[in-house]
Amino acid sequence: MHVPDGFFNAPVSIAAGAFAATGLGVCLRGARRELDDRTAPMAGLVAAFIFAVQMLNFPVAAGTSGHLLGGTLAAVLVGPYTAVLCVAVVLLVQGFFFADGGLTALGVNITLMAIVTTVVGYAVFRLIVRSAPRSRTAVSVAAFAGAAVSVPVAAMGFTALFWVGGTAPIDVSSVAIAMGGVHVLIGLGEGVITALTVSSVLAVRPDLVYGARGLKAPLVLRTAGGQSTEVTPEAAPEPARSAWPLLAGGALVAVLLAGVVSFYASSSPDGLEKVASDKGLNTHQESHPLGGSPLAGYGGKAVGDQRLAVGVAGVAGVGITVVAGGAIFYAVRRRGRVADRARA
Amino acid sequence: MTTVSPSLRVSELAYAYPDGTQALFGVDLTIGRGERVALLGPNGAGKTTLVMHLNGILTAGHGSVEVAGLPVRKDTLGEIRRRVGLVFQDPDDQLFMPTVREDVAFGPANLGVRGPELELRVKEALELVGLPDVIDRPPHHLSFGQRRRVAVATVLAMRPEILVLDEPSSNLDPASRRELAEVLRSLDVTVLMVTHDLPYALELCERSLILSGGVIAADGPTRDILGDPGLLAAHRLELPYGFVVADRPY
Amino acid sequence: MGAGHRHQLYRPGNTVVHRLPPQCKLPAVAAFAVVVVATPREVFWAFGVYALLLAAVASVARVPASFMLRRMVIEVPFVVFAVALPVIGLGERVEVLGLSLSAQGLWAAWNILAKATLGVMASILLAATTEPRMMLLGAQRLRLPSLLVQIAMFMLRYMDVILDEMRRMRVARESRGFAARDVRHLPVLAKSAGALFIRSYERGERVHLAMLSRGYNGSMPIMNDATASARSWATAALLPAAALATAVLSWSVS
């Protein structure tokens, strides 16, 4: 999805650039809170890791530049602010050193791939973790959901920007449906890899997973009278206050994108037919996150020449994700409440 | 050995990690100026923990560390880190800058050295390790042995009181091993060498300490310590097969 | 953008372009890209002029065309997309060689192809004539946020180390008969990724300790802060200035 020059018109490129610069400014301050004076070396190593992981699924044929986006993965592992910086640095290095992604499109690329995926993914992750009982499973499930949601949301962001300032005359609703459908599937792949990676780190070095800092068992303090209270063991201070703007921002982005996209999708009664024309778009977009990976198979089969399949899969995928996500959310939430009551 | 201010004096040093695991149980040791001492010990003996105390990365739970008479405290950290040159086991961890020049300059630059003086320090340190020609190369283009020697140069540029080396001979081929030994022998600086490599300790250090179970279990001439099979066996240390400590030095 | 390509990005040389201070080159290339993107697509000749400008820079820098072409493979996915545009585009149709194509789509394809190609060429030239560390130095001298520059510095330093670790892990997997073929193998890949993260993170901690041991106190010492001469700035400005003149001309024409 490394957008090249000429894809978006100048105003959108500049506006996205300004947005990206502001976002990075906020994150530069936030990352200091997450990692203090370790920020530069730690974030640099994590950026190198993200760069490497993005190559884990590298291309099979011309037209595929498949890779994981890694925004949610980084956010869960090292915290959202640091994650945005890491992914942004990866994109900057790819743009300036590897000519991958246009220099004028850096704003768009950073906004979508570094900021939107990370913020949305982390917001979803936090939402689930907060309402779930403290367990490794909950963290993994939340990581899956965060990553799975972040990819289609970023794709919708791309569509929205394309609608505002794209240079190609393609019907926006069909772009939205094709992008959404394909990216729901790609998001599932990103989610699976993210969840498995997080859980494998949790199994060995749980202390390294930023998103699981709450996992330490609470310490019990007993008084002479036999009353006991629980305290959270000393851990890295959680930027509780500062996380709110992030969560709110994530929710806002998600709602806005959902609104824009559903509006356009519904205003086009012949949406499914239009998807037929998205083949070209698919060859390009399907190519990215998991192109060369073992998951490429499902995407390829689903979207290959089966034009209708894209739309159907997309719609079904969105539905399934929403239902499953909601079910998980409520299930863990209720279990959390039950556990709370049992503890009380 | 009891000069006025030895390079290093550690007394009653005890330390427990935040998770409660205690690693050091009262370490006492003194290293005089210009001495080369080997710190031997099995895995998990607390060697790395001890090293981390020497330049204040870890703070003593009990006891004290003094470097050339200066106690390791929060307010002395800057000077302590100048005086103690720590060479890490993996040179890739130590050489983090884009070129050798910048990497060797990093330490003195943090001390406020600038301009021609900085350049001088960099050249001098690279001369000392015998690698004046690699100054403009990126560290990852050097051989492993060269990287290890450049890592030594990065701390020499800070003109330390004591050089602390963590497993200096690990992963070196025989030639690199010999080259490093020559460099270390030529230096006019106190050396504390943490190692499993007993022949290397014998080759370079007159005196050895055994750290075992978080305390100093033995302290004496390297020759005597390596010549005592019972002592070595008690602390999971072994000489290579066929190696015999000769009565006369090589 | 593979690991193996890394060292081929930069072509050592001693030309005017190579010698220009990086803080002049970076904004020059960025400005050039902006001018190109802002040029109306109808003005074909302007893009020809841009291409000639880049060709001139390439010849001064002695960067051969074969090198440029090899590196431009990165653009292929978007060529595929651009080729599809006239077929899937909306609006008025035109007949070209018996195919019914969208006129708007043709324009869009041309627009993306031309601008993306010029942008990629400019970036390749920048990377080919500027050492990675000089690029970082340029960013630093341009007063970009130092934390960002440092993160990029550490990333570039350890990229090869980590890719190497990843390669070794793959060799270890494959030498035990593992090949990632379908979804069921995903957990193994994810475990490798997890292990790679732990190694990267722990290395980051050790690097931080190594920095602390040499007196790091939260900010990198500035060691080589050189200012560029007005002449360097003027030389670097030649490219964007010529491009801007072309663009201004094209705006007035269209």
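Per-chain numbering from 1; labels A, B and C assigned in written order.
Simple rule for what comes next: a residue touches a chain if its C-beta (ideal position, glycine included) is under 8 Å from a C-beta of that chain, and two chains touch if they have at least 3 such contacts.
Quick caveat: nothing in here was measured; it's all calculated off a predicted structure.
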Among all chain pairs, the one with the most C-beta contacts: A-C
Chain located farthest away, centre of chain C as origin (C-alpha): B
Gap in Å, rounded to a whole number, between the CA centres of chain C and chain B: 42
Mean-CA-position distance for chain C and chain A (Å): 24
Shared-contact residues (touching 2 or more other chains) in chain C: 132, 153-154, 156-158, 161, 203, 207, 211, 216-217
Per-residue multi-chain contacts in chain A, two or more chains: 41
Where chain B touches two or more other chains at once, by residue number: 96
Contacting residues of chain B [partner chain C, same complex]: 52, 55, 57, 78, 81-82, 84-86, 88, 90, 92-94, 96-99, 102, 105-107, 109-111, 114, 118, 138-140, 154-155, 158
Touching residues on chain C, where the partner in the complex is chain B: 132-133, 136, 153-154, 156-158, 160-161, 203, 206-207, 209-217, 221, 223-224
Interfacial residue positions of chain A with respect to chain C in the complex: 4-7, 9-10, 13, 24-25, 28, 31-32, 36-49, 51-53, 55-56, 58, 62-65, 77-78, 85-86, 88-90, 92-100, 102-104, 167-171, 192-193, 196-201, 203-205, 208, 277-281, 283-284, 287, 293-295, 297-298
Chain A partner contacts - residues on chain C that touch it in the complex: 1-3, 5, 9, 26, 29-30, 33-34, 36-38, 41, 71-72, 74-78, 80-81, 83-85, 87-91, 102, 104-105, 107-109, 111-116, 118-120, 122-124, 126-127, 132, 135, 145, 147-148, 150-159, 161-163, 166, 180-187, 189-198, 200-201, 203-205, 207-208, 211, 216-218, 220
